[in-house]
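Each of the next two complexes has subunit A plus one more chain, namely subunit B in the first and subunit C in the second.
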Partner chain A sequence: MPEPLADRFTPPREATLRRSGGDRRHPTYVAFVIHRVSGLLLALFLPLHFWALGQAISGEAALEGFLRWTDNALFKFAEWGLVVLLAVHLAGGLRVMALEFLGWRARQKDMVAASAGVAIAAAILFLLNVG
Partner chain B sequence: MWAVQRITAAFLGLAVIVHLVTIMLAIRGGLSAAEILARTRGAELWFGFYVLFALCAGLHGAIGLRNIAGEWLGLRGRTVDALWMGVGLATAAFGIRAAWGLYHA
Partner chain C sequence: MADLKVRIWRGDAEGGAFAEYAVPARENQTILDVVTQIQREQQPDLAYRFACRVGMCGSCAMEVNGRARWTCRTHVKRVASAGETLEIRPLANLPVIRDLATDMAPFFDKWARAGGKFQPKDAPDGAVPAEFAVVPPESKKRQAADAGIECIGCGVCYASCDIVAWNKDYLGPAAMNRAWTLVNDVRDGGNKERLDAVSGDAGCHSCHSTQSCTERCPKNLDPSSAIAGLKRTIFWDSLLGRR
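Then we have the complex of A and B:
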């Protein structure tokens, strides 16, 4: 059976990677999935965040009541998760912008690693500061 | 849509860094309404920043959802795009309302 046309013009290693699904394990693909999932979760959370901050319209007492209601371990963990999502999406977005606007195509794996580093730093800083 | 997504992303790149630094500083020793409102009330420049932040976040989030809905659910077209822009602007308005509450109420 003849080889598929596309594979005849594809370097052997890339063709092997595609057949084995290896490209889905590439750091840039993992970074794409993480960026998408974090963005999806943040977009769904945004109206809830605005609703919570909007408590201030009803006055200081309403906002204080909401803050005391959320002052427990479960909400602190959720807040930490949101900060991590925000940092992950920010770092991934900066990587995409560097790629699209500055043409930084070299050392993509290093860029993904740097993005992960930024997100981990934000996660640790939040834990160090949370009261 | 592509251009709006990139323009808002460029602003959000800076704004989210500012937001994360603010969060790290604000959570030290816990949060209280009195402390938050003492910091926000009358700070017009910060109010302007958060209005722009809410606008960009609302639009950026809605366009992101539009892209995902297009790819995963096949929801595409001008009418769908207009609806997503409506979702983005409504979310932004909700955020600007919250910022008004924090800075002026």
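Then we have the complex of A and C:
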């Protein structure tokens, strides 16, 4: 005997989400997200950077005071984070430039790994120098 | 025989929801086999699309467990471990006609908009040129065209592309891959209009090189590099005053 046919399906009026989560788990997508997030964080840092530079215009004492205020472990750590962001963004950007301008088609995943390697190396070198 | 649990998105352009089914689990079965079993034995009004069943026609692409795939070339055991529920939905980024069948018109309209039609240089009126063109197989341009020419228009890259989801006018990977093969076709004379068509916000300059298209292409083509090639060509042409 054949299986009974299921009832005619009527979709509910409230639409379910058409766009699924979408599987984006692959290295070049992760590289894109890291590049974008590091870029945004660097952009957020820029006003602070310019403000600190602006202290120099207010006179040597103001800058000196500010620099002394930043001379603690927390700031050193934040500075390290900044170096990491710069290294990540630079290495990721060079990768994209190589893809787009040089047309390097092959071994994109290796290039992602190499970019990550450059960023990690910069982070470690900075830590060694700070110590 | 153990059952394989399947969730299938059912509905139309107005909306829809998942319906659950169970099919007999077999040693060798593709996603298309599963959908066909459900349509033939349980749900005769289930809409889906297929033709060749062997990965040549490109009509059976759907989203399986979050990833756009050819259902005919995807074995169940490759995407779901024993006991896991399969989730099948229509391709993302395209309007749904009904259930698993999407309207591919926007996808192919964009091929046309990207200058995807061959424009013979020697016969601009569309006539067949009198002489055969000699294109050395080892020439750089021929190889660049060859790299993308095998696209069968299944829409997997288009459904996997975030830029398409963000910008509804974005031409998408397949259309620009097609444009790039023609840019490299020495017999073609329509590149000025073509490069204009693929530049700008809806074209190659919106690509973020996330490379999901390249990652997901069932033919292992590289639309991402084709788009990069278009960017490169337009960059140098603009810089050197060639356009």
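Note that in this section the second predicted complex is superposed on the first by the 107 of 131 C-alpha atoms of A that agree within 3 Å, B and C clash if a C-alpha of one lies under 4 Å from a C-alpha of the other, contacts with A are read in each partner's own complex, and residues count from 1 in each chain.
FYI, contacts are C-beta pairs under 8 Å (C-beta built on N, C-alpha and C of every residue); 3 or more make two chains touch, one makes a residue touch a chain.
Computed from a prediction, not measured in an experiment: that's the story for all the values here.
Peer 1: Who does A:28 touch here: subunit B (first), subunit C (second), both, or neither?
Peer 2: In the superposition, A:28 contacts subunit C only.
Peer 1: Does subunit B (first) or subunit C (second) touch A:99, or do both, or does neither?
Peer 2: Touch status of A:99: second partner only.
Peer 1: Could you figure out whether subunit B or subunit C reaches more residues of subunit A?
Peer 2: Counting contacted residues of subunit A, the larger count belongs to B.
Peer 1: A:108 in the overlay: touching subunit B, subunit C, both, or neither? Say first, second, both or neither.
Peer 2: second
Peer 1: From the superposed pair, tell me which subunit A residues show up as contacts to subunit B and also as contacts to subunit C.
Peer 2: Subunit A residues touching both partners: 36, 96, 100-101.
Peer 1: Any idea which subunit A residues touch subunit B in the complex?
Peer 2: 36, 39-40, 42-43, 46-47, 50-51, 53-61, 63-64, 67, 71, 83, 86-87, 89-90, 93-94, 96-97, 100-101, 122, 125-126, 129-131
Peer 1: Which residues, counting only subunit A, touch subunit C once they are in their complex?
Peer 2: Against subunit C, the touching part of subunit A is residues 2-3, 5-6, 8-9, 11-16, 18-24, 26, 28-29, 32, 36, 96, 99-101, 103, 105, 108.
Peer 1: For subunit C, which residues count as touching subunit A in their complex?
Peer 2: Subunit C reaches subunit A through residues 9-12, 14-19, 21, 41-45, 63, 65-67, 89, 92-93, 96, 147, 160, 162, 165, 208-212, 214-215, 222, 224-225, 228-229, 231-232, 235.
Peer 1: For subunit B, which residues count as touching subunit A in their complex?
Peer 2: Answer in residue numbers: 6, 9-10, 12-13, 16-17, 19-20, 23-25, 27-34, 36-37, 54, 57-58, 61-62, 64-65, 68, 91, 94-95, 97-102, 105.
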